[in-house]
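Attaching a single structure in structure tokens format; questions to follow.
As written, the chains take the letters A, B, C and D, and residue 1 is the first residue of each chain.
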Amino acid sequence: MIITLKRTAPETAVENIVHSFEARNLTVHRSYGENYIVLGLVGDTTQLDDRSILANEWVENVQRVAAPYKLANRMFHPEDTIIDVNGIRIGGHEKIVLMAGPCSIEGLEPTLEIARAVKAAGADMLRGGAYKPRTSPYAFQGLGTEGIMDMVKAREETGLPIVTELMDAAQLDEFEQNVDVVQIGARNMQNYTLLKAVGRLHKPVLLKRGMSATIEEWIMSAEYIMASGNPNVIMCERGIRTFEKYTRNTLDPAVIPIIKQRTHLPIIIDPSHATGDWKLIEPVALAAIAAGCDGLIIEVHQHPESAWSDGAQSLKPDRFASLITKARAVAEAVGREI
Amino acid sequence: MIITLKRTAPETAVENIVHSFEARNLTVHRSYGENYIVLGLVGDTTQLDDRSILANEWVENVQRVAAPYKLANRMFHPEDTIIDVNGIRIGGHEKIVLMAGPCSIEGLEPTLEIARAVKAAGADMLRGGAYKPRTSPYAFQGLGTEGIMDMVKAREETGLPIVTELMDAAQLDEFEQNVDVVQIGARNMQNYTLLKAVGRLHKPVLLKRGMSATIEEWIMSAEYIMASGNPNVIMCERGIRTFEKYTRNTLDPAVIPIIKQRTHLPIIIDPSHATGDWKLIEPVALAAIAAGCDGLIIEVHQHPESAWSDGAQSLKPDRFASLITKARAVAEAVGREI
Amino acid sequence: MIITLKRTAPETAVENIVHSFEARNLTVHRSYGENYIVLGLVGDTTQLDDRSILANEWVENVQRVAAPYKLANRMFHPEDTIIDVNGIRIGGHEKIVLMAGPCSIEGLEPTLEIARAVKAAGADMLRGGAYKPRTSPYAFQGLGTEGIMDMVKAREETGLPIVTELMDAAQLDEFEQNVDVVQIGARNMQNYTLLKAVGRLHKPVLLKRGMSATIEEWIMSAEYIMASGNPNVIMCERGIRTFEKYTRNTLDPAVIPIIKQRTHLPIIIDPSHATGDWKLIEPVALAAIAAGCDGLIIEVHQHPESAWSDGAQSLKPDRFASLITKARAVAEAVGREI
Amino acid sequence: MIITLKRTAPETAVENIVHSFEARNLTVHRSYGENYIVLGLVGDTTQLDDRSILANEWVENVQRVAAPYKLANRMFHPEDTIIDVNGIRIGGHEKIVLMAGPCSIEGLEPTLEIARAVKAAGADMLRGGAYKPRTSPYAFQGLGTEGIMDMVKAREETGLPIVTELMDAAQLDEFEQNVDVVQIGARNMQNYTLLKAVGRLHKPVLLKRGMSATIEEWIMSAEYIMASGNPNVIMCERGIRTFEKYTRNTLDPAVIPIIKQRTHLPIIIDPSHATGDWKLIEPVALAAIAAGCDGLIIEVHQHPESAWSDGAQSLKPDRFASLITKARAVAEAVGREI
């Protein structure tokens, strides 16, 4: 950590600051410039709070050199984490995993029908929302437990593991018993109560990036889950909020190599939420594969125009099947399989 | 609601779409342009989901005319909501309310000391964090119940009502019994589980704007709380995330008249989180008062450089007192009192 | 165009507004709702200024249905524009074009050396900066005419057409005579004086997207060039500015299909400026190809660590050659050639 | 400047890097940490290019300590710059200056009429656009020289100095002869050709902040003008672009104290462009004054609903007069005069 002091700081103030760091077993190097005094801290700085240091009136600037995360950090864990979901392996050089299904679970029959269709097209897992975070309190809030059980039945018939969002720690047991991958939605990425709760689960967690979270904050949320005891975190990018109006969110494929370089966790991409427009899903999905992602999560619905939510960004099963064919070719071109 | 269809839409598709709206008791007006067909919907459109309509392949665009909120909407509730907290009234043309205190509660003695200092300076309520949302799992997470009880004791001595953040519905009873204003933090603005929970409380809720929430989404979160039974919502702006690096967040005072025009709820401003820099708090606080806010919430600490969190954005008590003197003059200039 | 009026508007005000549109040969449809009156305008609305309409106190909202651009609009020009640069064709289903070279031209010898290296690797054109837009007035501002002539000599030897940035209409003749593709940089995307000037050139224009321009504003800048007489515009995306700090800019591959759907112009991608980090160029370049771009523009330098500008985002020639090999495979997977 | 190297950097690589800085007369301090090597550079680092240093494969991070601007820097020029415009003084503790007038100049009679009205209300200068930067090539582009001459006549009659935007260096002589304050618009904030040109003028320059410029980039653009010979720069904030849709731009009053702390230049605020909505101009203008600005620039039009541009954000003269009355009270409350 690098701390810049005003050149006008009295020597006793500098000494006090230096001692306060030495008292925490850090080594401090000093450089005196014409306009600034610079302190270089060596040792474990994850214990320090940048903003407390900034509170000192002589401090001009604080710059962290080492990343604030440890368990997720590739530097201390060089090999890829590979996550096993009922025998399906995600991450490293494993096959690219395809999760597909409706935005909202809408009852048993439609769920079975979509599950069969996405399986036939080549999907590896079934996604679907039983508890739905909706901007409006007047919008459909999900079927809840009934929706979870519809997915369980779809798994019984098709063998597809199920991925669904947890919104409330009160449902933890229900998810531990019934769900294969527990999703934390973008709106709850910094709901630390929920992160600590899923840290105690024995199921992999799919952690969506928050709407305006930096990559570093997103990794810190993975660190929360890992520090609470659950090492099986799958990062899921769904785009960030910008001023652009022609898309729902803005998805930069650079996050894929960044997550791979800085952490050892798998990363999957959600082109449905990123674009908000079914016409844009295919090119964005192919881009994500070319950039090296470990999986895709895509909304598929038989009749998007009558879906109970998010029809605008759902593919019909035949378009999903055609996307997979193209995805397979791109995956092969970059040395991966689907 | 205005729906634009492609001009190439077959007449049967147009009929189907029109009928689907008429079936929901909406009246539909049609205009045929050279390149587009435009449908104007009249009636209660809050029941409709924009994105489901967009899923229809003939739909080019959906534009909402009426706001999606009802209970918070000034159009249906023209008079100001004034919220009473132990006799202190917030909103309308009432006195501007000052909430002040440390970022984190750090034990009984420091809490009493700050409470006395901010009261002496002119504060109306004591703020402080007992449960702390921290980006890092390794950072101090708050004293929890002990911190709440420290605040309760400070209220007993000073009479200042207390404001503190709720992060977990499991603490609902603790807050109902001990706390005067329940804060929902920026990171939980779209934690709908928690919003519904505080909707069942009998205490006012201070709802912070999410880091990248639009004003409309923020009002919709207030609507969640109100629709769950609690009409006493205080809006609190703390800046939004932008690309600018010289401040922690970007706070636009225009939100103050916007909230006043579109809703009937009080709005207070948090210049500490907005700027992240104690040197900027005073000018931003004065700006907020000039723009018409109903209150301020400010971090104050005796020794910011040794605060357990967020020292960089805390004022010392004497600087807070001097801010109040200036704030009083500005308030008077715009016809308000402090 | 859809105009929403307050329901409280007096009938004479509504009549005046309607007449003002009818006087411009527009047909106006009216719908009376419970809370709003909605006007639907049919006819050529590109002549109208949204913000003037909004000035009327009875107008609540103005929503454009038809795009504000005509010449660039795919709706009125369904076939792809293919741009010919000395026999190299860009756009439609043509081969993907590779432009490569140094950020700044640094003298004849280095220019010849890079030109030979990128040609050997498979590049189609030579890029390089002779006039440089630099954030600091103290930074190297480019070799100017000398740099242009270095590029001309490199073209003579290698046959590679040259692409370079124009910053000043005073250099128009120099560019008309010597340059093959004239680049308008991101910072000048809304320098309308310059856009009109290159509209009078007989050379293709590579138009970079502004740092925070919406896609619509970017297309409007292309429309400026086209309306001034030059139909040969190549769109070039280089990412937009967001709050994210791990990359220089944020590049969403969805812009590629969006530009293809809404306009008939070719689109190329600049992964060097988008990422600002040579380690991220390859995955982002492959993503862009998978998403359907018509070309790439990449910074290549023999010794990035001693480049006069932007070394951090320059590839060495061997890494560029290896990128092309992979790019070829991805292009083939999506039915294109390089 | 602080440079972080990977701990795995070979000693010869470290030596080479250190020598390259010492060769530029910089002193280099080294700290060896567990995971990183940190170099602290002392001396004049404004000559260095961060991104070239980053190109070295052993460099992990580069952090500037000293600001990259000198002439604008308060550290080297502690006293306030006060700019004299025909006897009106802007900056420091001088009276707050009010610039007002139409978005576009629309002919002699309307210009005279507005000039009289804003003078009567208390304005100090007349603003108006003769050369207009418009997003659409089909929109009104300004009256040009005729518009300038209309303003000149308004000045002759009323004595109000005139402020208008320069878009093309070709008009430099016209502006030198006729205009009192030369405005550089937000879209041209990084048009370095134009910045250097106005650096040679003998008239004060009003420099608008770019739509997505950081405060540092904005100051660097002032530095361009100053380094080219013109020390008389007035900073003008008009909001930045964010995701928020209820306002045209997002204006943070914190920029006022930031510009005052970091530079010695005057700063004025444009609440018309910031909000895009006449109903929001007054509260934002009052906020700016409370935060310490040196002036306001506001669009005023007799008949906003028939203005040739930007009517939505123009005040009528009587509303402008009423704003000034309130502004005077707020100015007095913070120890300034209007």
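Operating definition for what follows: contacts are C-beta pairs under 8 Å (C-beta built on N, C-alpha and C of every residue); 3 or more make two chains touch, one makes a residue touch a chain.
Quantities reported herein were computed from a predicted structural model and do not represent experimental measurements.
By number of C-beta pairs in contact, A-B leads when A-D and A-B are compared.
Compared with chain C, the chain whose C-alpha mean position is the greatest distance off is B.
Computed centre separation for the pair chain A/chain B is 26 angstrom, with centres defined by C-alpha atoms. Centre-to-centre separation of chain A and chain D, using mean CA positions: 39 Å.
Shared interface positions of chain B, defined as residues touching 2 or more other chains, are 212, 241-243. On the chain D side of its complex with chain B, the touching residues are 212, 214-216, 239-240, 242-247, 250-254, 256-258, 261, 274-275, 279-280, 283-284, 286-292, 326, 329-330, 332-334. Taken in their complex, chain A has these residues touching chain B: 46-47, 49, 51-57, 68, 133-140, 167-170, 187-188, 190-194, 211-212, 217, 220, 223-224, 227-228, 241, 276-278, 304-314.
By the touch criterion given at the top, residues 2, 4, 29, 31-36, 38, 40, 42-43, 60-61, 63, 65-66, 75, 241-243 of chain B touch chain C in their complex.
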